[in-house]
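Several structures are given next for inspection.
Each of the two complexes below includes chain A, the first together with chain B, the second together with chain C.
Let's look at the complex of A and B:
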């Protein structure tokens, strides 16, 4: 518990690096009961989530994390709120996004994503 | 240009005012010798004559001297310029606004040369009959003839007439090119002579009285042909199979070298005189068919795009359009095109691969070759998305899946109480285990159009728990506030706020809500946890009591769960506030998203999909649900419209408010 902030930081670093490099490899972070809501479209389960991520309408993507906040959550979980800027393909204008993660311990000393809610917030 | 010029009337109708009453060319001379026309093309004779010809000079000449500038030798006096020449002049004049198409707008006497011999050269076997090779040869040789010539000879226009090629260039260049008479080109000897003069603009102006009958006659014939092909009921102009039109054929327009690309600009010019304004054309002509014209490239009929920019339906059936390149001339035209038919063209076989390209080129396109490629809803969604933010990722409407209005009620009370009585809010929804933290995003991108000053962050910064910046573990811990008492102190130190009214200013908010599981049960009865909600509010607030009275944008995430029995019905487990510089939220349109089956490759809509779309639209109209919910409802009832409606009727009270189109409030 003492370490949840570090876990959150490590998690987001890993998540966004992996997302930007090859988002299809994110499957390992989700489980059967994980849920992703990307721009209001919800999918459940690691395979569907990765399909959804792979189908997003861009090739190149770069996340720049602006803020990261985390709180310990029930069942030794971690609640993470990230806001940042997203650059995709040739688009020059970065887009504000917010992403909420609910992490749960996987019982093997690591964490998986239970809830993942992504929303673009334009300004 | 012609829109602005009075149409050439019958002979008697022509005014005698200089520069009036003769269509486009005269028009631009009305104010004196203007050397550049509106296309930016140099008006050759104006340049040559401008310096030499005084106003009025030669007006009385019955027969103008063709080599008026005297620069070229061997200019033959004009004579025998019969019907054919007159037509050429008319075609040229009428098409004058389409300079890029109308190659035949050869300048006039003195600046044109007639080159013979191409037909017997080896280059004649080239696809273009060798014209390109000949022009390149002439330019190269002429430029190289004179060492003192420190410029490149440039041929401006060319027109192939049977075996002859007529070229136009500046008087200086004409002189150089003429020296090539008798040169050998691709196995033949070229003969270069001053072109048989056709009436120059100035000459024809002067000779107006003589020429009018022919002009009028040709124009009247064109008009008759066009009027016979126009269907006012359908607002359709049928321009198919022009080459076998008896009227046009009888005018001798399709014999020998003349083809559709030469006649077409003139036809468009007459269309322009029939419907002189863009609005009139838009109203009167919705559809055009150019079927059966043996077109290998739309460049041949480019003038259509200038004449009818607002066309909705375009039929190019049974031409010879081979690939997407043959349509590149209209790449950026016809922005309102809805229906494009390419049946019977070689390109037809590639349409499934080219679909996306067509959709990109024509934002309103819904039918491609009689196949629905985009539904009206998709077009609306695309436009909404494009308007909203030019976003590569479509913005979806917020997803609000509430449970028994718990989320909605919480949000209403929270926003009201946070502005007016934060302590009451804490008492009502927070408890000793609530976590609260806030973070500031100072690097959130803002549109460059938004230059509203950013009020200082001083009051917030000491609480900001942005772990990107705060890396020291004790600082991170200190900035996480747990329990009502700790939160109370922070909230008391934060500036007073005023949130926009949720009922009347829904566009200031994006609120999402979804159920979650496994929350701790305050009653301790359920070891596996209880259900709750995750709510995210994106919005803005003012700080009415600060000197700046500034606004800030925020995103705030809550985790709500059931409260301890007898104390609170619900409680906030987590509250995370994120602040950033103020920027307006871009809102998606109400039905901006059509539920798309996952990983369905973006192919031509199958008949099944079309049917499903139609059903979803029907259900949407019947129930007032959004297209998205209508789609979901249909999915769940196996695409049975009746069952879907029954399901809607039985469940409509349980649907979240944003399931409905009239999305007044949450």
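Let's look at the complex of A and C:
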């Protein structure tokens, strides 16, 4: 199995690139029991999660990851904590955010997102 | 079993009260395979974690939790994402931080910390 820190880095790069290019494509990273809490609103399951992400009130979005920390989690999972900046549409001032993911092995050599919590950070 | 959101709230209140009163007492919340990543430096096991916490370069510390989100995690665990402000010693300006915990059941009706990642957030 790949090193958890390498997987965390690869996952995070892929996730935010995909989010910023076409966030509806993120469905493949979630399963039916995955959970997203976005600004304290929670939804369960890949279809509801992608519906939530697609409904967010911005079109153009760019994530800039500032820091990334990862730990091994139970049952070969990986826990990730990201802090970063988010630039949406014509806004010139980025918003700070933090996001934690728990990845679990999918049994086919890759990982899916079981837990996903996103929160804006106001200074 | 208590509701995961209630446990998350009770845990977070207890953790930061204990941290601010006497952080060496936090040892009881960790186990030998628990992991702390504090500002990207990682240690494993309750003794090393408490040694790390005790060695932090401040005496007086006060956490103010701003937001708390929780999700059910695999195997009856609970994943928590906190954002808040930290005031240390004679500093008058609080620092923003984010912290994620993964709690696991201890088999005796309570929970211990398996994963703990702390990160300051710079605006």
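Please note the rule applied: the second predicted complex is superposed on the first by the 121 of 123 C-alpha atoms of A that agree within 3 Å, B and C clash if a C-alpha of one lies under 4 Å from a C-alpha of the other, contacts with A are read in each partner's own complex, and residues count from 1 in each chain.
The rule is short, and it goes like this: a residue touches a chain if its C-beta (ideal position, glycine included) is under 8 Å from a C-beta of that chain, and two chains touch if they have at least 3 such contacts.
For clarity, every value in this text was computed on a predicted model and none was experimentally measured.
By the touch criterion stated above, A:51 is placed in contact with chain B alone, chain C being left untouched. Judged by the touch definition given at the top, the superposed model places A:27 against neither chain B nor chain C.
In the superposition on chain A, contact is made by A:42 with both chain B and chain C. In the superposition on chain A, contact is made by A:115 with both chain B and chain C. In the superposition on chain A, A:102 makes contact with both chain B and chain C. Touching more residues of chain A than its counterpart among chain B and chain C is B.
In the superposition on chain A, the residues of chain A contacting both chain B and chain C are 37, 40, 42, 66-67, 69, 71-75, 79, 81, 83, 96, 98, 100, 102, 104, 114-115, 117, 119, 121-123. On chain A, the positions that touch chain B within their shared complex are 5-6, 8-9, 37, 39-43, 48, 51-52, 55-58, 64-75, 79, 81, 83-85, 88-89, 91, 93-96, 98, 100, 102, 104, 114-115, 117, 119-123. Within the complex formed with chain A, the residues of chain B that make contact are 388-399, 435, 437-447, 450, 465-468, 471, 473, 476-477, 480, 510, 512, 514, 516, 518-520, 529, 534, 536, 538, 553, 555, 557, 559, 573-574, 576, 578, 580-586, 593, 595, 598-599. Residues 35, 37, 40, 42, 66-67, 69, 71-75, 77, 79, 81, 83, 96, 98, 100, 102, 104, 114-115, 117, 119, 121-123 of chain C touch chain A in their complex.
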